[in-house]
Amino acid sequence: MLKTPVLVVNYKIYDVSYGHKALELTKVLERIADETGIEIAAAVTLPDIRLIAPKTKIAVLSQHADAIEFGSHTGFTPLENLKDAGAVGTLINHSEHRLRLAEIEFLVEKCRKLGMVSIVCTNNVATSCAAAALEPDFVAVEPPELIGGDIAVSTAKPEVISGTVEKVKRVSSRVKVLCGAGVKTGKDVSKAIELGSEGILLASGIVKAKDWERATRDIVSGMLK
Amino acid sequence: MLKTPVLVVNYKIYDVSYGHKALELTKVLERIADETGIEIAAAVTLPDIRLIAPKTKIAVLSQHADAIEFGSHTGFTPLENLKDAGAVGTLINHSEHRLRLAEIEFLVEKCRKLGMVSIVCTNNVATSCAAAALEPDFVAVEPPELIGGDIAVSTAKPEVISGTVEKVKRVSSRVKVLCGAGVKTGKDVSKAIELGSEGILLASGIVKAKDWERATRDIVSGMLK
Amino acid sequence: MLKTPVLVVNYKIYDVSYGHKALELTKVLERIADETGIEIAAAVTLPDIRLIAPKTKIAVLSQHADAIEFGSHTGFTPLENLKDAGAVGTLINHSEHRLRLAEIEFLVEKCRKLGMVSIVCTNNVATSCAAAALEPDFVAVEPPELIGGDIAVSTAKPEVISGTVEKVKRVSSRVKVLCGAGVKTGKDVSKAIELGSEGILLASGIVKAKDWERATRDIVSGMLK
Amino acid sequence: MLKTPVLVVNYKIYDVSYGHKALELTKVLERIADETGIEIAAAVTLPDIRLIAPKTKIAVLSQHADAIEFGSHTGFTPLENLKDAGAVGTLINHSEHRLRLAEIEFLVEKCRKLGMVSIVCTNNVATSCAAAALEPDFVAVEPPELIGGDIAVSTAKPEVISGTVEKVKRVSSRVKVLCGAGVKTGKDVSKAIELGSEGILLASGIVKAKDWERATRDIVSGMLK
């Protein structure tokens, strides 16, 4: 299980975030995790799990898993294969890879059985509560108020975060909430955590930064007491 | 809103359940609804809504709606178009047409705004609770124990139904539960209702019956006190 | 079968192009078809086929069909249902509703059996040739050079159209090519036809025009000798 | 490029065909390829490419690739990532993972640019010709006559194979045809090759065999002169 507060870095699939560059980025994250004691996890592409997992101490997650059992499913990947490759968990239902409700439930349940970490991404309060009813380890919320605009966590109305956390916890107190949007600086991070988030899901803010180390240190600074 | 207990008949798309045959079937359902006072709703194909809705007093539902607003969506159908055609509501996330969580949420919310009835289909207790968190009018549950086998509601363990109803109501007491599997006879219907269901979602049991009237009367008998 | 040159108007699903407004638009198109002798076809939403087909003499097409036979396919629509509703053919694989290769083949073949018109939309020369190998009635090409920009048929290099037509005809001389992008005025239309197109597939240029009649007359003027 | 005749083994995702077992199977295939001089390629799961490719001399293929460029595509995998991981090519449009026509075209074109082998799977003569129009390296045909039944290549009408090969070659003489169904024994293989196939795509016949070596040797025997 991931220790909180946690920083989950989604590598997506940029030309700067796969293959040996993904490994370099992971080494940066690992160093900062080591120094600060903050848990950092790397969500990498499916073919890169076996490149990175054996060479790092930080948690490696898959960016996706298919809701299948073993069988005739050419080109699809079940959780067992991801676990064998070195992933300790997976993102589920990312906004760029939405899944059917029955698939999300299947994956959350199977992560539980396999001892893998499940992080279900959601797009508003209602879907966050629905996801929470499935009892994944984490719900990573991207509040619509914080997407693609100038509003960050530290400038938004506090209720955008605290309200979601509260409603999710009412559905299931065991589910932890990650803030998946509106985080640009360490200040946003500390605000998000103050408002009840137990971590951050971040992608381009770190992955596409000119200076990975600097960007990550800034974000992680918001998690240090 | 549909009065409960309600019988929702899903016409699917058999050669005996579209076009003028769908209209004939609807006339049978209408007659029985009239005589018994039981609410019966017909979930018909998208092109058949305008054929049937103007010619019947029973509620016509769509079998599906797309999670879109007006725009450049060639071949997709938003709720507004279905409402204009005469549908008073829609099935959402049927097991033969699973939707993404964000789409289900979109459709439930928009049904609410448009005053349309939302019936979200689910496949087990966990997905039923997740759907209930979205507060649709109905959740139509197909318990895995009752699918494709010999076990019907009246022979299954009572908890299969009562347990689901109870858990759904705990998430949202306003959501009504339909029993969507394991119903073959009026006896199953009365048992399902005794155990907390507020209606039945049924397809081939009626639509593919040799004698529509007889099959429907048997099912409806289980709803009469 | 549609007489060529043909103007196919894709209504998409704008607030100005469904229900009674779709009927009004169809009446405008019908009047112009009547007066000019040019074939005009209307591709409408699935629920609107039964509203419009019985009330017009122009050809009504579906915007989409599902690659299924009769059966347990809740919320999907086979060609038989569309034909029964009044559609004489269908768009297949529109850029807003891409289909799998096997589905396109299924639909083209079934249109043939049912005597329905098949119009397969494609996005470049290679996919146009692939579609032509399936021998639909029409391939409606949206050349990448003509999409979303300022370049229209009359200002583009002639080869963009003539080259595609030639290559499609080499695969199957029976397949007719519609120009599906880059048409803004009657001048573009006459150029497209001069370069080998046998018609035009157009949407917002007509449907979202302030004056439907004027916009349509301009387009059709390019088809008159 | 793969030398012909070629045997492509699709590992799918059985409990006996991923992780270290996939590596074991590959070692068996490698040994037979070495001894016989016949080209054998292994189509493995996405996470297993990096496990297997560095440890074998035989060609490793991906079972699937997503039709995307680098970017914000969480959980999807572009060809560049697969190539970096060690795949020399990919299956495209497998019957268990059908793709849209535009995606198939995108992938075939990009394989060409990246120097990767493209194998497009198809389900009948018409879709094989459509695929051939895209000029992939291989079209792997699963003739409907040979699927899931008792009819194998050696007992089927010769035209089932020879007719497809002939029609594909007429569309593009450069495209090679693999036989993707109806192959159970070496006899089927030699017949398929006699009728114009330039290789075999096979899955469970080898992967689920009790004795991998024996099953593979039998198949490969049909490729030896």
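Note that the chains are named A, B, C and D in the order they appear, and that numbering of residues resets to 1 at the start of each chain.
Keep in mind that, in the parts below, contacts are C-beta pairs under 8 Å (C-beta built on N, C-alpha and C of every residue); 3 or more make two chains touch, one makes a residue touch a chain.
In this text the structure is predicted, and so the values were computed from the model without any measurement.
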item: Touch-network distance, chain A to chain C, counted in steps; value: 2
item: Chain whose mean Cα position lies farthest from chain D; value: B
item: Chain centre separation in whole Å, for chain D relative to chain B (CA means); value: 44
item: Gap in Å, rounded to a whole number, between the CA centres of chain B and chain A; value: 36
item: Contacts with 2+ other chains: residues of chain D; value: none
item: Listing of all chain pairs that touch each other, if any do; value: A-B, A-D, B-C, C-D
item: Touching residues on chain C, where the partner in the complex is chain D; value: 93, 98-105, 108-109, 122-124, 126-127, 129-135, 171
item: Complex interface listing, chain D residues touching chain A; value: 10, 12-15, 18-19, 43, 45-51, 62-64, 68, 70-78, 80-82, 84-85, 91, 94-97, 203-204
